[in-house]
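These are the structures, in structure tokens.
In what comes next, chain A is part of two complexes: it sits with chain B in the first one and with chain C in the second one.
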Partner chain A sequence: MIMFIIRRLAVAIPTLLILCIVTFYLMHAAPGGPFNSERPLPASVMANINAKYGLDQPLHTQLYTYLVGVVTEFDFGPSYKFKDRTVNDIIAQGFPVTLTYGFWSFIVATVLGISLGVVAALKHNSIIDYFAVGISIGAQVLPNFVMAPLLVWLFTLTLGWLPGGGWNGGQFPYLVMPIIALSTSYMASISRLMRSSMLEVLNSNFIRTARAKGLPSRKIIFGHALKPALLPVVSYLGPAFVGMITGSVVIDTFFSTGGIGQAFVNSAFSRDYAVMMGITILVGTLTITFNMIVDILYAWIDPKVRL
Partner chain B sequence: MTLQFKSLTAMLAATTMLAGPVLAAGTHPETGEALSDNQTFTYRLLDEHSSVDPGIAEDVSGAEVIRDLFEGLMNQDENGNLVPGVATGYTANEEKNVYTFTLRDNAKWSDGTPVTAGDFVYAWRRAASPELASPYAWYIELMSIENAAQIIAGEMTPDTLGVTAIDDHTLEVRLTASLPYFPLMTTHTTTFPVPAATIEAHGDQWTRPENIVSNGAYVLTEHVPQERSVRERNPMYWNNDATIIEKVVALVINDDDTALTRWKAGELDRTEIPTGQYPSLSQEYPGEALSFPRLCSYYYTFNLSEGGPEAFKDVRVRQALSYAIDRSVITDQVLQGGQIAAFTFTPGATANFTVPEVAFGKMTQDERNAAAVALLAEAGYGEGLEHGPLAFDMVFNTSEAHAQIATVMAQMWKQTLGLDVTQSNMEWQIFLEERGNQNFELARGAWCGDYNEASTFLDLVNSSSGYNDGKYNNAEVDALLAEAKTMEDPSANYTRIEEIMADEMPVIPIYHYAGNMMLNADIQNWPINNVEQNWYSRNLYRVDN
Partner chain C sequence: MITDQLLSNDLAEADVAGRSLWMDARVRFMRNKAALFFAVVLFLIVLFTFLGPLIAVTDHETIDFSMIGQAAEKGQPSIANGHYFGYDDEGRDLYSRVIQGTWISILVGVIGASVAVVIGTLYGAIAGYFGGRVDSIMMRIVDILMAIPFMFVLILLLVVFERSFVMLFIGIGMLSWLGMARIVRGQTISIKNKEFIEAAVASGVGNFTIIIRHIVPNLLGVVTVYATLLVPEMILTESFISFVGLGVQAPDTSLGQLINVGAGTLQYGTKWQLMFPLGFFVVLIFSLFFVGDGLRDALDPKDR
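The block that comes next holds the complex of A and B.
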């Protein structure tokens, strides 16, 4: 197992490096720059700014300086747009927000999704099954940018129960709607995956054998069926988790949560190069890490992988 | 600051609010109205401000915060007139190129130290210095302060800037040109004083709530970027007794509709109105949906450069295209927010500017359409004519509202002149680059005045202006602009330039902007008549309706 992890790490570092280099050049290839605006700056002012941020250096020098800064001092550079903040500040401020609502959305989506899927599979072709399938399809087709304003309409304008947005340090009332909006479609996918895989397992020979042996249902389901049925779900959970904790523009836009999803997209529009790079590296690292964790989990659940 | 600490302060702030609302003065000292016990003003920011450092800030939302936190030499009243700020007054020499400001002796920084002429000298040198590399350094140059241009270009050191503290309360400014409107320019945030000691102690981080020292009516007490910033009454402010609003909260909400929803839920006192919703909102919330003229123009510019389309070099084609646009359809049916149809470049709301009665503005739309058809035929464009049918591409930056207007315009050209006009949209940065490099045929443009004077608009058609993307070049216009700079009353020159533009049509003016907002009826004294919308929280107050 340790060799397995080391091997994965050995691949991960060059992957990240390539990601950095490609992003950097692509970003600079896009027309415009962080200091372009409706009123072009006078050449002398622009020259001062470029000199201050080192943007007058050749691209490969800029990239080298950047990478050296990242590796030696963990310095991801300044934000060109928010003059008194560094990329580290921006990530330190936005990522915990995203992580909080992303994490809880993940828990909600996973717990509800798996339960719904299992129940639907066990009560196959019953009212409960149709109900569960109905919910998950409904949740799947309702995109979060439709869901978000509906939630605000219901909980804020009509019922007056929840604030219409904001973060306020992540207090509970501010978390509810972002979590519902973000978790719903993930929950739907998980429940459908879970249902079909559970059905398949329940129809397999070893379960039939277990039933024939006269094992109680509870034991069959939790002791024998659940673990193999989880396999396809687990492989979905890794990317889903990264997706949720690396931010959602929709959530940040509709609920003004101030998370990293919004910062990422805005940095692309305003050509805030260092912020864009910083968040790309963060998302890249998380993706690689969680794919690795999924692989390890896989090995734990499915002995065939370990062979 | 760690996250835990931040949420702790937020929680503390929330509990203090619950525990006991701050006691207000009771009644308004001048109007005698009963004031609300809750003197908090909460408003929406479209986007996080880039900085609250007066020397650096370049956006409107940053300037709004800075006008509360800091105070410059002069302020504006609710009509945009000049009123004293840190300076009690000023004198100028006869040539209007040396101004001497007298500073009040009771102005203080929030740490209790006095605000002196030296603070202004420090701030202005800093704003111009290549070391700070402020994107607004050009404003110091625009003010024509001696040596500003050379300092920005790195040819001279910042201490040679033409601004001197004669003593702690006397500031002398030397200009390279005679500028009658110079004092008006000192209401701009780039000219506000900054605290030297704090900046030297904390560097780039001096604007954070835990470090900042300011001289305005408010101090910054909380800032969660991309989410909220809070400013509270500054007891050291020289005119603190007159301040009524205790606390101002700015919430970043990117989406117009979300912000409106939260306004309806009572979470905000002020927000912008999404495009096209003004008529219904003004019915639903009479007195709270406001529309007022702004110093901004929306237009399309022809590419008149060497590489531009041959057809546009013919003035008759440009006139025909401009005439055929029925502006009232765009203002009354598409935008519906009180925008004003434009036949000139400069908005009528600009100070000391009377909109000239240009010929095509006086015609009815039917007359304009008929003239457009005739002009285009005369120029030889159309089926079976010398140059064949006219076709071109119009480009705008990606946005629902711009797309709507472009579609309406293209349709009008199709119906009236039978033209096939293609539309393209580009992401903002790409659009700026393409337009700036004259890679377009007809491009959208919009311009908001930097100060309340017609030259802020008309400079755009100066052949040497860096903002003249259409590369319009008219020696008479250039001469009139140069002359206007030193005239006591340049309005005749501005009128003449507008007349020339109406004849030559280098741009198609579409409409002059209107500001639209929802303002809680409890908030009083909003400066609706200040066309630059320079508002100061200390002039507002809250009543219970």
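The block that comes next holds the complex of A and C.
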């Protein structure tokens, strides 16, 4: 197990490094610097600014300084647009928001998706099954950017039950729509995966054996069938998690929740490359870490995977 | 005697009517009522994007200045004045815009999927065919790329290098060939030990000719299936990018952009500005998923 984790880390670290380097060079390949405004600054002022931000150094020196800063002090540098804020400040403000609704969406999608899939498989070809399949097919074509306006139309404009946006410290009414919008399509995918793999497991020999020796259904389902049936779902959790973090871009834009997605889009439009890069690296790190956790989880559940 | 005769007739006939993979697939697909229905729907949508403009009053760019700011009161959909889907907030005919948006979305989906297919197939086939160290290095690269949050990198790309169609395709293509490469590699490995490849090697055919002439054609079934499933994903990606405001540039539009705009003006009571593009989007994605699913059932040799 430890060897496996070490091996995974050995891949994860170069990946992160590549991501850092690519985004860094991308940022600097951008036409125009961060301080080019409508009115060109005098050359001496420009030189001073560049010196202050270290932009007069050769690119690889800058990259090195940046990486050292990130690794040793967790310092992603200053924001180019907001003089009084660092990238860290911006992330520290937005990230908890994203994490809050991302986490709950993840829980909702996984729990509901798995339960729906299991129930559908257990009641195969019944009304419940068709209902579950119907929901999951319908929800597949409702990605977050389609769900968000529909929810607002229904709950805010028509029924007037929920506030149409804002965060307000993450109070419940403000959380409902982001979570529904973010989790729906993932719930659908998870329930489809769960249903088909559960059906496969339920028809396998060892379940027949368990039934033949007279185990109660509850024990068969929870003790024997659930674990192997979860495998495809577990491997889907990685992409699902990434999707939810990415979905933050839409959720924040639409509901003005103020997560890192909003910070990312704002920085994209104001060309605040330092912030964009910081967020990209943060999300990359999260993605890689999470995929690693999922892989380890997978290996732990599936006895066929040799570590 | 007669039975013999019949039998040989039967055999002869069976010989003549040898069923290829594709014929087989067509028969299976035709039997799948849902897939067939949605294939027809898909065809109708495509047909609509061609024929629809013929009955449009104005094209997607023309602005009716008297409508600006009054879309909510006067811009409702109406058959009488020819603006079947009403006006958008800038006084343009929504009917024409939806057609344009649908067309662009389909285009992005198809081109994006093609990019992914070409790169992914070649990459996967090369990795699978050569095997060994080449394979493990190439696949490690895929693993590494897969772990990168491409949506963020794509947005970064679009901002840094100005929004453009080409950049959008490069970005979307980059996002999507990875899965294809993995699938193709797996299939190639199972094909490359077959006799006909051995025969080709023995008769001195070059490696790349073997890949292009002998391996790739045998991958077409799998590739087709994943390509059709990729198209809706590409459309979703493009719509996502458009929703954020980095997609196709005005006056051109795409379904994602129309949905975004329609969602923004929802509070003023212009429901149709959201519902028409949304309807087209949902039906389009739905049909593509069903057709893809049907094709998978028809072409996947595992289910025979």
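Quick note on the criterion: the second predicted complex is superposed on the first by the 275 of 307 C-alpha atoms of A that agree within 3 Å, B and C clash if a C-alpha of one lies under 4 Å from a C-alpha of the other, contacts with A are read in each partner's own complex, and residues count from 1 in each chain.
By definition in this document, contacts are C-beta pairs under 8 Å (C-beta built on N, C-alpha and C of every residue); 3 or more make two chains touch, one makes a residue touch a chain.
If you're wondering where the values come from, they're calculated on a predicted model, not measured in any experiment.
Residue contacts after overlaying the shared chain place A:149 against chain B and chain C alike. After overlaying the two complexes on the shared chain, residue contacts for A:165 are found with chain B alone; chain C is out of touch. Touch criterion met: A:253 reaches chain B and chain C at once. In the superposition on chain A, A:157 makes contact with both chain B and chain C.
In the superposition on chain A, contact of A:83 is made with chain B only, not with chain C.
Applying the stated contact rule after C-alpha superposition, one finds that A:234 touches neither chain B nor chain C.
Of the two partner chains, chain C is the only one that A:29 touches; chain B does not reach it.
Contact with both chain B and chain C is seen for A:271 once the two complexes are overlaid on the shared chain. Residues 30-31, 149, 152-153, 157, 164, 253-254, 269, 271 of chain A lie in contact with chain B in one complex and with chain C in the other. Listing the residues of chain C that touch chain A in their complex gives 140, 143-144, 147-149, 151-153, 155-157, 159-162, 236, 239-240, 243-246, 256, 259-260, 262-263, 266-267, 271, 274, 278, 281-282, 285-286, 289.
Only residues 3, 6-8, 10-11, 14, 47-48, 50-51, 53, 56, 58, 130-131, 133-135, 137-138, 141, 149, 152-154, 204-208, 224-228, 251-255, 257-258, 261-262, 264-265, 267, 427-430, 432-434, 436, 446-447, 466-467 of chain B touch chain A when the two sit together in their complex.
By the touch rule above, chain A contacts chain B in their complex via residues 30-33, 35-42, 44-45, 47-49, 51-53, 81-85, 89-90, 92-94, 96, 149, 152-153, 156-157, 160, 163-171, 252-259, 262-263, 266, 269-271. Taken together, the chain A residues at the contact with chain C in this complex read 11-12, 14-15, 18-19, 22-23, 26-27, 29-31, 137, 140-143, 145-146, 148-150, 152-153, 157, 164, 242, 245-246, 249-250, 253-254, 264-265, 268-269, 271, 273, 276-277, 279-280, 283-284, 287-288, 291.
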